[in-house]
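Lettered A, B, C and D in written order, each chain numbered from 1.
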Amino acid sequence: MENRRIILEEKKWNPRTFFFQWEWMLVALLLLVHILNGIASPYYFSVDTFLSTPMSFLDQAFIVFPMMLVLISGNGNIDISVGSTVALSSVIMGVSYNHGIPMGASIFICFFIATLCGFINGCILVKFPELPAMIVTLSTMILYRGIAYIVLQNQAAGKFPSWFDYFGWGYVGPIPFIFLMFIVCAVIYGIVIHKTAFGRSVYAIGNNRTAALYSGIKTSRLTLIIFTLTGFMSGFTALFLTSRMGSTRPNIASGYELDVIAMAVLGGVSTDGGKGRIWGPILSIFIIGYMQYGLGLLNQSAQVVMIILGFLLIGSVLVQEIHIGKNRVLPGRK
Amino acid sequence: MNLSVFKDKKPGSFRELGLLAFIVVISLLVEIRNPMFFTLSNLEDIGVNTAILSILAVGMMMVLLTAGIDLSIGATIAFSGMCVALTLEAHPELPVGVALVEGILLGAVIGLILGIFISRFNILPIIASLGMMDIVRGFTYVVSKSKWVSAYQMPDDFKNFATGNIFGISNFIIIAIIVYVCFFYFINYTKVGRWIYAVGSNPAAAKISGIPKRRVIALVYMLMGALAGLAGVLWVSKYASAQGNTAEGEEMSVIAACVIGGVSITGGRGKVSGLILGCLLFGILDNALPLINVSPFWQKAIQGAVILTAVVANAVIRRQSDLKALKSRKI
Amino acid sequence: MSDEYILELKNITKVFPGVRALDCVSFSLRRGEIHALMGENGAGKSTFIKVITGVHQPEEGEILLDGKIVHFRNPVDAQKAGIAAIYQHVTCYPSLSVAENMFLGHELVTSKVKRLDWKKMYREADEWLEKLHANFKSDVEMGNLSVAQQQLVEIAKALSMNARIIIMDEPTAALTEHESEELYAITERLRDTGHSVIFISHRMEDTERLAGRVTVFRDSKFIGVWDVKDVTRAQLVKAMVGREITQMFPKKKVNIGATVLEISHLGRTGYFKDVSFSVRSGEILALTGLVGAGRTEVCESIYGVTAYDEGCVKLNGKVVRFNHPAEAIAAGFGYLPEDRQKEGLVLQWELSKNITLPALQQIKKRSGFLDVKKENHIAGQLCSELMVKTPSVFEAASLLSGGNQQKIVVGKLLTTPKKILVLDEPTKGVDVGAKAAIYEIIGNLAEKGYAIILISSEMPEVLGISDRIVVMKDGRVTAEFETAQADQNKILKAAMIEGVDKK
Amino acid sequence: MKRFLKSLLAGAAVLLMILPVSAKAKRKDSCAFVFKSTGNPYGEKMMDGFKSACEELGYDAILRAPEQPTAEGQIQIIEQLITQKVKAICISANDADALQPVLTKAMKRGIKVCAVDSNVNAASRMVFVNQADSEKIGRTLIQAAYDMTGGGGDIAVLSATSQATNQNLWIDWMKKELSENASKYAKLKLVKIAYGDDLRDKSVSETEGLLRSFPDLKCIIAPTTVGIAACSKVVADKGLIGKVDVTGLGLPSEMAEAITKGVCPYMFLWNPIDEGYLAGYVSVTLAKGAIKGEEGDSFAAGRLGHYNVVKAADGGTEILLGPPFKFDSTNIDKWKTVY
């Protein structure tokens, strides 16, 4: 009887749980990166750094959001075909433009192809749930890239109309267009992931697929949507990357998949599902981006950058392990 | 794998037969296009070129059996290869044996570190090895100061090792065979070997049966590393040149070969016999595509298509056999 | 004294974060005796076993083996000391062969070179299986076996370890009468060859048939130990349940309405065949039988988790087919899964999120956003309705006790309007208090006019609250009774012998 | 909270690995050289040359290269160089067109841009330092094949990646040479162009493929350092020395063995050190404004003497380093230790 009254329905703000989040660590990290860079290089604190620099690393960032969904959805889901998807869609866009299709239409085609690639991945995974995504996307990775080679062979496609450069190089006031788009996507995904039934269901299947299934969550449909979405967002990357390079070849965007996954993981998204919030990846995108940029300003050789990134990746996951491992929810009542 | 391979017709053996048939068909098609295919020397080429891949595949299979994955092997190959090359440049008098040992040890150390990250600190394999990949690759450039070690800087007997042969069989093939025999024994006829399967098959149960899960996992990655180290030495001796970017992306081919060979990436399933076929298919693809001179631009696509078909077909066959098993159940 | 007992446990206490799994229990095992350990699910039997076998280490108390104090740091120590256990939840390696499963951890090696001797292992494995009259060979993949067969393998494994003390945790639960007889025989043979056996079960038959003495646990406490010959069933039941069973089941009289769900000749390759029954609104239909008889499978495929490939399902007279649980839920079909932790809850989630998971569409605003206020309110309402013991709806599900977790899962069913509920072993591993509560809830639901299918293996429960009873065996319906006409023996007979063993 | 601090510490530990890297930034005027990718000795040599040239002229040299040979990587690097306000950028491009936007941006910011070794399109550079006239390379290689095969037989080309700018250019010239003097090369048949992607293993299996599918192959032209080395290794291992000749462009150090063995009678390459050195001089003189990179400009390039800016085939301007150097058994030992 008495416990009818005491059940709380209002959440109280709890400072401990609030500050005790991986994201704060990332914020600290980002600040530290800025500070170190600032100390190290006189050129660092400039308008360029904060406005036009993001241009050079944000193109990949668009895939991070759907990749986040893919990873959250658990069940070993991962998509390593994104790099090839970008290449294929970009190549086809270039070719179709060079064959007289107007640029607007070509851009549409680009997105269509990208979405198609993702859709195919999704279909295979839904038809054969027993196949791990890792393997399926591994083979489509090779396949898509291969098709790109067939289409363009050893040629480059390009000579785009001048307005096309706007995507990669244009500004809206002081802010780069690409940066603006990034913010828009970030907001949209933030809402979708944290505020809608869809996002909730994705976390559900990531945390406990069976329970979700019994609760009437359409797991396979979600999987399909998520992977298709990944393809679609690869279209953005293709668009911006192509625009930045002003031309395209079958070998662009190689190795993007691993960069993207690294960003997501550094952002606290676990590759075994169910974990991760939108802020993490957003922060980590900038951490990695600015760190590379800063080291670049110091003219550090590529290999040093690599080593540091490697350490950062393992280190951060290690810290998360300590971090989460120590205050994992205990089974049973206290 | 265990006796059951030879005894009953379980899904596994079905699939292997299917794969074998697939290989035969492909080979025949190639042979029709280019009769040079079934020449002894060409088959030896296939063997030699596949040797390194298949050595790596053994290690990767064990890793996959524990439901893990190792993306760092490409870097490990480059690193150990480079170190060995540098040592030999400094001391040309060293015998090949020393070089091999050095490479294996280096690889083992790297593998062990990775293994500890994964087993002790529960870092997910894919992430840990991803980071490791960057680190090791980076250090490869550092130790080599971004230089290459070229043919003339290596002692001859080291270079000849790759081309040399015993009773007409190339050293590489022999090494590969030795590795396979050893690991076939290890995996099937030693307790630890079986524990690898157990850990991958049902980690929870492993606790109750008192299997030292963490040690097994660490060991697996160490072995993987060691094999990668060995592969590194062979690589350098074969191409008579050590570069920083050696074997970039090799890990993906190895994983693909394992999967085609029927090793389940979710752990617990996989047989050496299947593995061999997987590697063979890969080797044949690499060798045949240039032979039947398809346009170089088609090669990648064809590879991808073949892998995809193999994987999907694999799944289909498995379903069929499962269904049969159910039908056979009496109700 | 101590030489009379091979194994003694004194005042063992085992605490898991939140629950006292064992509360100062004692136990003593004579040489060459079969000692029955009884108690309801969740009474702490399984934990007790894990303490003996070194999987868990007790916080307090001591274990004496041959009168000497021992400390088992891990299962291996216990095995070395000659203690083998057959666990209730079979712990096998699905992708390995039977022989490998049997010998994992104590593999046989050849004398000279210490290599695994597969020939020998497979031969011995086959011999053991022979002794158990198993109908399969030792080289099949474990994953392809039925639960019962896997249990046999576990038993064979324990035997193959020729341990001095053998612990069997509900071994007969999944065996047919015939197989049980076999097991009895083997167990007795073991006793006669000087082994000591701890035989866990809540089936009277086992105890009376086998045991010399019986110890009873209840609510993780030691209740008492008796010689089987001078104790009656009634006494034991009272000891186990804590009160007369009849009081456990406050059966309300409800007027039963029209047929809601009708299953005819349902079949799924390899799982069940020709299954037909029907439920009426307000009726509680008990679907009983042994573990692995196919009860769960039937209901799952009705619910749309798996697909049935023959027969049809009628809902209110109309033929329906649910291809996905979502459709079933939309049609007013609720399913309470057997394994609440694996299939029922997202443990790391707050109660509120868990409860509303099946009802996301309802808490969605027109804008498409989730209405968290509404969510928490719904959750709060249900929590208090079901008397869940929790400070707030923001507790992680994993922090609740078994009973309360079960209530949450029930709560999930009630978020959306339902006509039919399938309750799969709703009181499995739930403490006595919560049990009564859950029975009450079920009663109320029936009263509200729900048609309820209750899957259960616990006779008292089945007889206590159901209106009708359908018994299944090996994937077929073998009997159907009005509860009034049914009794324990009839049901057991139908569940075990009917359609005589093909094995 | 204590745990939180602990994890914070761990985080700091991770960052400490970054600290030692941060060096003092330089204030002197500087010119930057961006190569295709790290860990390529050929590039290293060019960097050496570039560096020494800059130092002779009292400039700092910034030497950069992406980890992978991609245009994306080079774009990022150039962005960074722009921020650093370098005086001139000298690039060896991974993609002729992909760098146009970023390089034009650089030029808008008043940074002088020149290309070397691997060209960018005319619009995105002021001048191209051409290691050797592409036309000459293409034609010379065919002539080499002609005289190795003794005037007739099958020849094949093993190139780098199918995307490599200069390789493709050279191959085009080879084809031109063949078609223009059809009568002379009547018996010389170019049977296949294979791509080894500058990977050892791929180059090897491609070469093996060539040898098998064209049994009477007489000569393989490999205008890429990795390709030619791998290729001649295969030929030597197969004991085809004398039957199949290998020629092309290769590093003496990599090819020393092959040439002494006679797998490769002779091959060509310019001196990458000089190439870098000249590039350095061009960059600095551009930076100083002494030349504008227009046709007719001329300047002195230290030890290399005097150079003129001439019209390039693609409509831009270029500076020719000089004829490619011919390596054979007589001079290889002298050079193999140099580069």
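Observations on the structure shown:
Following the convention adopted for this analysis, contacts are C-beta pairs under 8 Å (C-beta built on N, C-alpha and C of every residue); 3 or more make two chains touch, one makes a residue touch a chain.
Just so it is clear, the model here is predicted, and its values are computed rather than measured.
Among the other chains, C has the CA centre that is most remote from the centre of subunit A.
With each centre defined as the average position of its C-alpha atoms, the distance from subunit A to subunit D rounds to 34 Å. If each chain is reduced to the centroid of its CA atoms, subunit C and subunit D end up 72 Å from each other.
Subunit B and subunit D have Cα centroids lying 34 Å from one another.
Contact of a single residue of subunit A with at least two other chains is seen at positions 149, 153-154, 301-306, 311-312, 318. Within subunit B, residues 141, 146, 244, 297 each touch two or more of the remaining chains. For subunit C, the set of residues that touch two or more other chains is empty. Pairwise, the chains that make contact are A-B, A-C, A-D, B-C, B-D.
Within the complex formed with subunit A, the subunit C residues making contact are 16-19, 303, 305, 324-326, 328-330, 335, 337, 342-349, 353, 357-358, 360-361, 364, 368-370, 376-377, 379-380, 383-384, 387-394, 396, 398-401, 412.
Within the complex formed with subunit C, the subunit B residues making contact are 2-4, 7-8, 10, 185, 188-191, 194-195, 197-198, 200-202, 204-205, 207-211, 264, 268-269, 323, 325-327, 329-331. Residues of subunit A touching subunit B in their complex: 76, 78, 124, 128, 130-132, 134-136, 138-147, 149-150, 153-154, 258, 261-262, 265, 270-272, 301-307, 309-314, 317-318, 321, 325.
Of all the residues in subunit C, the ones that touch subunit B in their complex are 53, 55, 74-76, 79, 87, 91-97, 99-100, 104-105, 107, 109, 115-116, 118-119, 122, 137, 139-141, 144, 146, 269-273, 294, 474-476, 502. Note for the complex: subunit D touches subunit B at residues 37-41, 44, 162, 192-195, 199-201, 204-206, 208-210, 212-213, 215, 226, 229-230, 233, 237, 251, 253-254, 256-258, 336.
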